[in-house]
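Two complexes, one shared chain (chain A), two partners (chain B, chain C).
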Partner chain A sequence: MPGKPLDPTAMARRAAQELTPGAVVALGPGIPCRLPGELPPNGGVWFLAESGVVGFQGLGVDLNVVDGSGEPVALLPGGSFTGVVNIAGILRGGHTNLAILQPAQVSASGDFVHWTTNATGATGTTNATGTTSATDGLFAPGSAVDMAFGASRVVAVMPHQGPAGQPNIVSQCSLPVDGVGCVDIIITDAAVIRVGPTGLELVEIAPGWTADEIIAITDAPLTLATNVKDMTFEVPELIPPNKVYATAIEALKDVPEGAVVNVDGFAGPGGMAHYLMVGLRDVGVKGLQLISNTAGIARMSAFGAPNIIDHSILVENNQVAKATASYPVSPSASRPSAFEEAYNRGETELEVVPQGTLAERLRSGGAGVAAFYTPTGVGTLLAEGKETRTIDGKEYVLEMGMRADFCIIRGHKADTLGNVVYKGTSRNFNPVMATTARITVVEVDEIVEPGQLGPEEIVTPGLFVDRIVLRPPDFSAYL
Partner chain B sequence: MKSLADKERLPREIVAMRVAKELPDGAYVNLGIGIPTLVSSFVPEGRTVFYHSESGILNCGPIADEGEEDIDLINAGGQFLQRVGGMSFFDSAEAFAMIRGGHVDVTVLGSHQVSATGDLANWMLPQRGVGNVGGAMDLAAGASGVIVAMEHTDRNGQPKIVEECTFPLTGKGCVYLIVTDLAVIECDGKRLTLKEVAPGWTPEEVQQLTGARLTISPDVKEFEL
Partner chain C sequence: MTSETENPPRQGKVFPSGLAALNGITDGASVLVAGFGGCGIPVKLLRGLAEIGVGNLTLICQGAWPQESGKFGIADLVAGGQVKKIISPLPFLPDNGGPVKELWEAGKLELEIVPQGILAERLRAGGAGIGGVFLPTGVGTRFAEGKEVRQFDGQDHIFEAALKADFALLRAQAADTLGNMVYQGSGRNWNPIMAMAAAVTIAEVDQVRERGGLDPELIITQAIFIDRLVLAS
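For the complex of A and B:
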C-alpha cells in the first residue's frame, strides 16, 4: 500500500523551503495561499496578491484586503496596496523571484495547465481538500500566465493525482497549456520532482512512500536523483535583508564602468538625489550612460541656482559618456550647461527622447513590456528610422522599453524594507525609474520602521528598492 | 507711409485673454511656456479650469509668493506653486498618459512656426544643433489638439505662419487654432481660415505678414474678447 498523501499544509510548508530572504513571491489560488500562514510574520519575503496587495501574510478579516482567491489576508507592517497594472508589472518585469502555483497538470518539460474553477463553479472546495482538477473548456488562467512567465522560478504545488486517481504529472498535457516550459520544481502530496533539461527527476519522497510507488502514479518518465531524500516540513527562518547603507559612497561603490544609470530630478533641485550624485562623483566611475529628464540644467534654469548640485558635477568629472534625456540642455543657448559644452566638444553622446516617451519607455522597461506604439513624435526627427504602424487610421511609432544597471532616486521617507513616499512634484520620474534598474538606490530625508508609512500612502513598494541612504541632515544641495 | 512692421500690435496679455475664451468651464488645461502661461490670469469669470503640468500635478495652485517657494512644488515651466485644496500629484508616466490618452482637454503652446496644414515646430532651432523637446511632442500628439499662442512674426519680422515648416517638427497636423498679436486663425488640416483681426488691421495686412495663404472668413471680425 502506498503512503498516505500529505495534507495541503504539509505541502505548503515544504514549498516554503524554496523561499529566500527578501524574495518576491507570487501565489496562485489554492494550496499556495496556505503558505504565508505557515511563516512567521516578519516581512522576510514579499507575498504578492494579484488583487493588488504587496506584503501580506496570514489570514485577515478586512474584505478590502484580499488575496488572489478572494480570501481576506493580513497586511504586514510595510505592506502596501497597488493597482493591478502595477502587480502585472511586478510579475512581468522580472521583479518576482518565485511564483508558486497549483496547476492541474504539469508535463515532463515543465508545461502546465492551471487549476481552474470546476464545472459546478465550486472554487475553494477543491483547495480545502487539496484535490484538484482542470475543466475542459473552462480556460481561466487568471494571473497564472503572468506569474509563470514573469517569475524567475516557478514552483508547482499540487496533488500527485486527481480526484479520480488520474495522474497530474504527465508526459504531455492533455488540456490547453497555460505556460510552456515554465515549471522548475513540482511539490506534490507524495514527492518533490525537479524539472530538468532532460526530464523529470525525483529528488524527495514523502514519509511512507517508495520511489516505485511514486513512479507508478506518475505518467511521465521519472529518473531518481543521485541522492533522493525524505521530504521535510520545517519552514526556514527568513530575516529581511538589511537595505540601509551608511553613506552614498557605500551604496554606490560597485557601480561598474559604463553602467546605465537612471537619475531623477525633473529639472532639479526638487526630486534630485543630490547626496547620491555627490557619492557617484566621489566613486568616480567613468563611461556612465545617464537616463534622466535633463542632462543637468538646474544651474541654468529658474528652478535652481548657479552652484546647485546636478548632473554637471558628473560631466565635469568626465564620468558621462552618454545622456538620454528630453530636456538635455540649458533653456538659453547663450548660457550652455556643462553637458552641452561636453557634447559640443564631442565628448558625450546624446539621445533626445520626448518626455512622455521617456517616462513610458521606463515604465514599460520596468514592467517587462519590450516596446509600445505611441503617437508622440510621428513625422518628426525623433521618429526617424523607427518602425511605424497605422492603427485605426492613426499613425504610431514603435518605442523600446528601457532598463538600467543602477537607479538613483530621491524619496521623502522610506521604511527599512524600502517602501518610499515622495513629496509633491518631486515624485515625477522617481517611482517610474525605481522599477527599471538591477540596483535601485534611494536617498531620503527620513528612514522609519515598517508600518510607519501608511499602506495606501506608499508609492514605491519596497520590493523595487535595494538600498536606502539617509540624506545627512547637514547636507547642502549647493556646492 | 508707415510700414506694417511698425504698426501697433496687440500686447501679449490680450492674446492670452483671447485664448482664455477658448477654455470651457471644467476643462483640464495644459499651458506651455511664454504667452500660454499668461492665459491662466484671464479665464472668464464664472468658469473654473484645472491646470495640468508635466511635472506631475493636477489642479495647480497659483504662483508661490516670494520667500514661500517650495522646491517640491513646481510646474513644468519652472515656477514655484502654492499648495491648494484638490491638488494631486502623480508620476511622469501617468502625467503623460493623461496627455496622450486625451484626458487633457485643452493644450496651449507657443511656437516657432505653424504650417498651413497645422504642423507645429516649436522645440528646436536648427542653428543650435541640439534642442529641448521636453513634453512638447507628447502635448502635440495628445488627442485634444493644440491651440498656438504666439507673435505673428519672429524678431526679424519673418512670418511664423508658413506654407511648410522649415524648423524641425514637433507634431504634424496637430494645431487647430492660432491666436497671434494680429489674428485668430482656424486650422482644419487643409486650410487656414482668418476669423478675427487685431483692431486697426485689415485681413489683407495680416495676409502680408503671413507666409501661408489665408482663407478669409466671410464673417471675419475684430478680435472678440
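For the complex of A and C:
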C-alpha cells in the first residue's frame, strides 16, 4: 500500500527549497501560487505575477492586487506594479531565475503540457459527464510558455497521477506540448525527480513511499540517484542580499577590461551618474565600450558650471575603446569633445545609432527580443549593410537587441531592495538601460527602507538593480 | 473599421456615456479589451458594445471567461453572438469554458491562442511602430507552427508580427481632461500597451481630474494615446 499523497502545501514548501536569496521567481497558476504564503514576508525573493505584480507575499484582500490565478495577494514593502508587457520582458530577458509551474504532464526529456487548475491543486478538471477535459488546457497557455522559455530554471510542481490514476510523468506527452526540454526538476505529491540529460532520476521520496511504488506510478523510465533522500518540508530562510555599497569604487571594482558599459544620461549633466563615472575613472579599467546617448558633450555644451563631469573623464584617462551613441559630437565644431579628439586621433571606435533605435535596441536586449524591424533610417547610411524587409507595404530595417556587462544609472531615490524612482527628464535612458546589463549599479540622492517608495511610483523594480551607492552632495573632491 | 458619421456631445475628450464614447464602431471592428481576471475591465464600454449590437467583432484580450454573477463581461458579448474571433492567451478557463467554449465547439467562434508575453510584445511592437520581432518563446511548440524561425547567437527565435487594432477599450483609476492616466494595482495589466496599439483609444475611468491634477512622475499613459474618456458607473 503506497503512502498518502502530500497535500499541495507540503509540495509548495518543498518547492520553496529551490529558492535562493534575491531570486526572481515566476509563479504559474495552481499550486505554485501557494509559495509566497509559506515564506516569511521579508522580500527575500521577488515573486512575479503575470497580472503585473512584482514582490508579494501570501493571500491578500485587495481585489486590485491579484496573482496569476486571479486571487488577491498582499504586496510586500518594496513590491510594485508593472504592466503585462514588462512582466513579459522580465520573463524573457534573462531576469527570471526560476519559473514554478503546475503542468498536466512532464515527459522524460522535460517537455511539458500546461494548463491552469484551480487553487486546490487538482490537476485536470471534471465536466458534467465525469470525464477529464485535458484538451481544454490547450487553450490556456497564459504566461506559462513565456515563463518556461524565459526562466533560467523550471520547476514543475504537480500531482504524480491524474484524478483517474493516469500517470502525469510520461515517456512522451500525449498532447501538444507548451515547452520543449524546459523542465529541470519535478516535485510531486510523492517524490522529487530530476530531469537529466539521459532521462529522469529519482532524488527524493515522500514519507511513507518506497522507490518501487513511485516507479510503478511513473510512466517514464526512472533511475535512482546514487543517494536518494527523504523529502523535507522546512522552508529556507531567505534574507535579501545587501545591495548598498559604501563607495562607487567598491561598487565598480570588478568591472573587467573591455567591458560593455551602459552610461545613462541625455545630453546635459542631469540624469547622469557622475559619482559612478568618477568611480569608474578611479578604478582605471581600460578598453571600455560605452553605450550612451552622447559620448560626453555636457562639458562642451555650456550646460551649467565648468568642471562638469561627463564621459570625457574616462576618455581622457584612456579608458574608452568604443562608443555607441546617437549624438557623439560636440554641438560646436570649434570645441570638439574629448571623445571626438580621441576618435580623430584614431584611438577610439564609434558606432552611430539614431536615438530611438538606440533606445529600442536596449529595450529589446533587456526584454529578450533578439532583433526587430524598425522603419527608422531605411534608405540612409544608417541602414547600410543591414537586412531590410517589407511588411504590409512598408519597408523596415532589421536592428539587433543590445546588452551590456555593466550599467551605471542615476536615480533620485532607491530603497535597499533596489527599487528606483527618478526626477523629471533625468529619467531619460535610465529605466531602459537598467534592464539590459548583467550588473546594474545605481547612484541616488537618498536611500530609503522598503515600503517608503510607493508601489505605483516605482519606475525601475529592484530586481533589475544589483548595487546602490549614495551620491555625494559635493564633487569638488573628485575633480 | 470605423465610421465618423456622428459627432456626439462631449467636453474635450470626455464623453457623457459609454454609447457616445463608442461612436463610429462598426461591424467587423478589431477591438483591444484591457483587463486581467477581474481587474481593470472596462465594463461600461463592454455594456455599450452590447447595447449598440455591433457584430463580427475580433476581440484581443487576456480572456473571456465568465465574470462573477451580475457583472458584465466579454463572455456576455460572445454569448450574444457579437464576436467572430478572439485572440488571447486564455480565452476560457479549463474548468469553466462558458459561452466561449460552447460557441467555439459549435464552429461559431474562431480562437487564436497566443502566449501572453508574445501577445504583449506583438501589441507593443504595433504601438511603437515596429514591424515585427524575433522572440525565443515557444520554439518547437504549436505556437511556432508556420512561422519563420531564425537563429540569433546560436539560439532559435520565431518571427512574430506586430499587431494593431481599430479600437482599444481601457480601464483606468484616474485621468485628467487631456487624457493622461494612472492605474491601480494589477488594474494596470494590458492598459498601457493597448493604449498605444489602436486607431481609436477609449478609456473608462473612476475619476476625471483637471489638467495638472495628476503627478507628472506618476502618469503611466500619456494623453497623446487617449482619444476618448468616459466615467465608469
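The rule is simple: the second predicted complex is superposed on the first by the 447 of 479 C-alpha atoms of A that agree within 3 Å, B and C clash if a C-alpha of one lies under 4 Å from a C-alpha of the other, contacts with A are read in each partner's own complex, and residues count from 1 in each chain.
Everything that follows uses one rule, which is that contacts are C-beta pairs under 8 Å (C-beta built on N, C-alpha and C of every residue); 3 or more make two chains touch, one makes a residue touch a chain.
Worth saying up front: this structure is predicted, and the values here are computed from it rather than measured.
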{"item": "Touched partner set for A:377, first chain B, second chain C, both or neither", "value": "first"}
{"item": "First (chain B), second (chain C), both or neither touched by A:241", "value": "neither"}
{"item": "Chain B versus chain C, judged by how many residues of chain A each one touches", "value": "C"}
{"item": "Partner chain(s) touched by A:472 [first = chain B, second = chain C, both, neither]", "value": "neither"}
{"item": "Partner chain in contact with A:328 - chain B first, chain C second, else both or neither", "value": "first"}
{"item": "Contacts of A:258 with chain B and chain C, given as first, second, both or neither", "value": "neither"}
{"item": "Which superposed partner A:267 touches (first chain B, second chain C, both, neither)", "value": "first"}
{"item": "Touched partner set for A:354, first chain B, second chain C, both or neither", "value": "first"}
{"item": "Partner chain in contact with A:207 - chain B first, chain C second, else both or neither", "value": "neither"}
{"item": "First, second, both or neither for A:149, with chain B first and chain C second", "value": "second"}
{"item": "Interface residues of chain A shared between complexes with chain B and chain C", "value": "360, 374-375, 422-424"}
{"item": "Interface residues, chain C side, partner chain A - complex", "value": "36-39, 62, 89-95, 97, 101, 111, 113, 115-118, 120-121, 123-125, 128-143, 152-153, 155, 157, 161-162, 182-193, 217-218, 220"}
{"item": "Residues of chain B that touch chain A when the two form their complex", "value": "53-57, 70-79, 83, 89-93, 95-97, 99-100, 119, 124-125, 128-138, 140-141, 168-172"}
{"item": "Contacting residues of chain A [partner chain B, same complex]", "value": "266-267, 269-271, 293, 301-303, 326-329, 331, 333, 340, 343-344, 350, 352-360, 362-363, 374-382, 412, 422-432, 459"}
{"item": "Chain C-facing residues of chain A, complex", "value": "49-53, 62-66, 70, 75, 81-85, 87-88, 91-92, 115-118, 125, 133, 136-146, 149-150, 176-180, 360, 364, 367-375, 389, 391-392, 394, 396, 400, 421-424, 455-457"}
